[in-house]
Amino acid sequence: MQISQDPIVWLAAFVTISIFSFVFWNDSPFYKYVQSAYLGVAAGVTVVVGWNNIKNQVITPLTNGNYTIIIPVLLGLLLLIRYIPGLNWVARYPVAVLVAGGAGLGLANTVQAQFVSQIKAGLKPLNSIDNILMFVGLLAVIAFFFLTGKTTRAMERMKLGWLPRFGRIVLMVAFGASFGTTVMGRCSILIGRLQFLLTDFLGL
Amino acid sequence: MKRTIPIVIAFLVGMGLMLDNFITFAPLNTAAVSVRSWLVIIALFSIMVAALNLLLVHIPRIKRRQGTWVQSSVLVVFMLLTILTGVFMGTKNAVYSTFYNGILTPGSTTVNSLLAFFIASAAVRTFRARSLESSLLLLTAILLMLSNVTIGNAISSVIPVMGKWVTNVPNATAQRGLIITSSLAFVTINLRNILGLSTQWLGGKD
Amino acid sequence: MQNRLFNPDKRITYLLLLLVMIFPLINPLGIAIKPSENTLLAYNYVEGLQPGSTMILFIDFGMGQSAELTPQVIASLKHFSDKGLKLFAATQVPEMSTALTGYLAETYGAANKEYGVDYVDLGYFAGAESAIGAMGDSLIDVFKADVNGTDLTTLPIFKSITKLPDINVMFAVTASGTIPFIRQANAKFGMPIIFSVNAVMGPANVPYVQSGQAVSVLVGSTGAAEYETLINQPGTASAAMDAQSLAHLVIILLIVWGNIGYFLEQRRNKEKNA
């Protein structure tokens, strides 16, 4: 065992163990203050990176005479005016551009990317049990989500009441699969911290 | 002016960007290219807004010495130190690197790693085979847990095969249904935003 | 008494979990890692690319998920570097900008690849899906400069690359969603995308592989360990697999134990009421 001599590794180990203390000690002061420190650093890093980007993408082009970006820069500055009392409505202009921009960009391709392509993928030749199960299962899941009182009664009359119930069962299988992989994901992050403590800090 | 003009802007921008994908009309296409590049720059300023918000929440708490003001002080001090060193001394200097590698990296990953403890204890205490659906969920979860790790294959080569079938057939079917239905919801919500039928994003009363 | 036996204090569960994870990290069990179909799909696709092909890497996860996704990034970058792929790397998470520089130094830099010719670090970009959409018009307008402030038009790697569709393949490592990439790159330009996602998102993205919208989806640390095995360079993910196995086994046994207690209690209640 060769404990690390690097002060940054020691600091990281202290932070790690302080946060772990929350698991066994709900009111751990180490956890509270270390968490505040890390949140502060995280916010600070975001500002630093954002500032560097503003330098590269806004200040440098403007000082080089590229004024095509003046409109988005003004809109961006309007976002900051919201903190002046009585003028917070001004921020609605850039928010309108951002919200509608994201919506417009996403809408155009959503129908193709998520609707048409997935329906195509679900409509396979019904020449195997898997394909039949996938087709019926897809209809069942969609039926489950479109359930309203009117739809339920209509489906019962058509002797299709079992379809949304089957959809629920298919969904349970999917949620079980999601849970199984979620456990793996969370464990891997914990193992990563333990690897740091054992290998980088304690030198085992 | 306070509500009408933003709604009109949203309509023009949203419809313009959407129609740009379907219509070849030089002025529309050129304008769409410009607006797409504007979004990147406006988004940059929104990051600064988020950081400013954080200070506006914590500084009054520190001034009034109320509640968890000591923790707020720690947060603000570290935030300002990081900003000062990062902006004026660059991101490669020793102090900024110490904060990044010694506090941010271990802090962030360790907080996320706590979920492993909670998910394990929650699963042990609440995962019960009470009905057909919960039993199915439980069995699928156990099968996937075993097939996702190397010990599953070591116990039996059937486990990864079954896990692969569950993932590619019933799971994929359900997820496909979720993708299709959620895409309809996405289209509905965003069309309502663009057409001004939903104005929640405007916020405020005036 | 029976209740406490079948519903132990949660701290016992935590301690047990820690012990079964620590033991194999110190004394590896050496259980074999067998690459899955998804990992083979991604690996074979990259193997099929010609040297000089271009790849754009997007880092879309925060520091909190880095323990799970960093091994995949490192393994993939080592593979891309060995294949001689020209790499454009960017992140949409501010705190990962410094980490991205580190990943490139550990892989392309360590392999003596020339910066600006073989790879470029574009750093952080704001706007998420909007920015990816804007990259379809012009990469240079979105980034303008690399992470060091160097004008992109002066870098040789941008000689024949002006916009996103000019790049051959996308590799998106994401913990927040694959849909923006599918919408803005695959649906719009038919760009092939290899995804690496955290384990939580793994099952939800299987339909995109089946529909051909994604080349493959590599899932979490298991996908990373399998990839490390394929490129013959075991790393942190491979070292963690034994601990993963034991942790999963213990959690499963505890769930089964809890259910045995539940059924015994149900039977006792039935007998009481009978």
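Going in written order, the chains are labelled A, B and C, and every chain counts its residues from 1.
As a working rule, a residue touches a chain if its C-beta (ideal position, glycine included) is under 8 Å from a C-beta of that chain, and two chains touch if they have at least 3 such contacts.
On a predicted model such as this, the values are computed, not experimentally measured, just so you know.
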Busiest chain-chain interface by contact pairs, anyone? A-B
Greatest separation from chain B - chain, by CA centre: C
Cα centroid separation, chain B vs chain C, in Å, comes to 16
Here the gap between chain A and chain C, centre to centre from mean Cα coordinates and rounded to Å, is 14
Starting from the mean Cα coordinates of chain A and chain B, work out the distance between those two points in Å. 3
For chain C, residues that touch 2 or more chains besides their own: 14, 17, 63-65, 67, 94-95, 97-98, 125-126, 130, 133, 188, 199, 203-204, 207, 210, 219, 222, 244, 247-248, 251
If I count partner chains per residue in chain B, which residues reach a count of at least 2? 21, 36-37, 39-44, 46-47, 91, 100, 104-105, 108-109, 111-113, 116-117, 120, 123, 138, 142, 144-145, 148-149, 167, 171-172, 175-176, 178-179
What residues in chain A touch two or more of the other chains? 23, 42, 45-46, 50, 52-53, 57, 98, 101-102, 105-106, 109-110, 113-114, 118, 121, 174, 177-178, 181-184, 186-187, 189-190, 192-193
Within the complex, chain A is touched by chain C residues 11, 14, 17-18, 21-22, 25-26, 63-65, 67-68, 94-95, 97-98, 123-126, 129-130, 133, 143-145, 149, 179-180, 182-184, 186-188, 198-200, 202-204, 207, 210-213, 219-222, 236-237, 239-240, 243-244, 247-248, 251
Quick check: in the complex, which residue numbers of chain B touch chain C? 21, 33, 36-37, 39-44, 46-47, 91, 100, 104-105, 108-109, 111-113, 116-117, 120-121, 123-125, 127-129, 138, 142, 144-146, 148-154, 160, 164, 167-168, 171-172, 175-176, 178-179
Which bits of chain A are touching chain B when the two form their complex? 7-8, 11-13, 15-16, 19-20, 22-23, 32-48, 50-54, 57-58, 68-69, 71-73, 75-77, 79-80, 82-83, 88-89, 92-111, 113-115, 118-119, 121-122, 130, 133-134, 137-138, 140-142, 144-146, 167-184, 186-187, 189-190, 192-193, 196
Flag every residue of chain A that touches chain C in the complex, lowest number first. 23-24, 42, 45-46, 49-50, 52-53, 55-57, 60-61, 98, 101-102, 105-106, 109-110, 112-114, 117-118, 120-121, 174, 177-178, 181-195, 198-199, 204
Residues of chain C that touch chain B when the two form their complex: 7-8, 10, 13-14, 17, 31-34, 36-37, 62-67, 94-95, 97-99, 125-128, 130-131, 133-134, 136-138, 141-142, 188, 199, 203-207, 210, 219, 222, 225, 241-242, 244-249, 251-252, 254-255, 257-259, 262
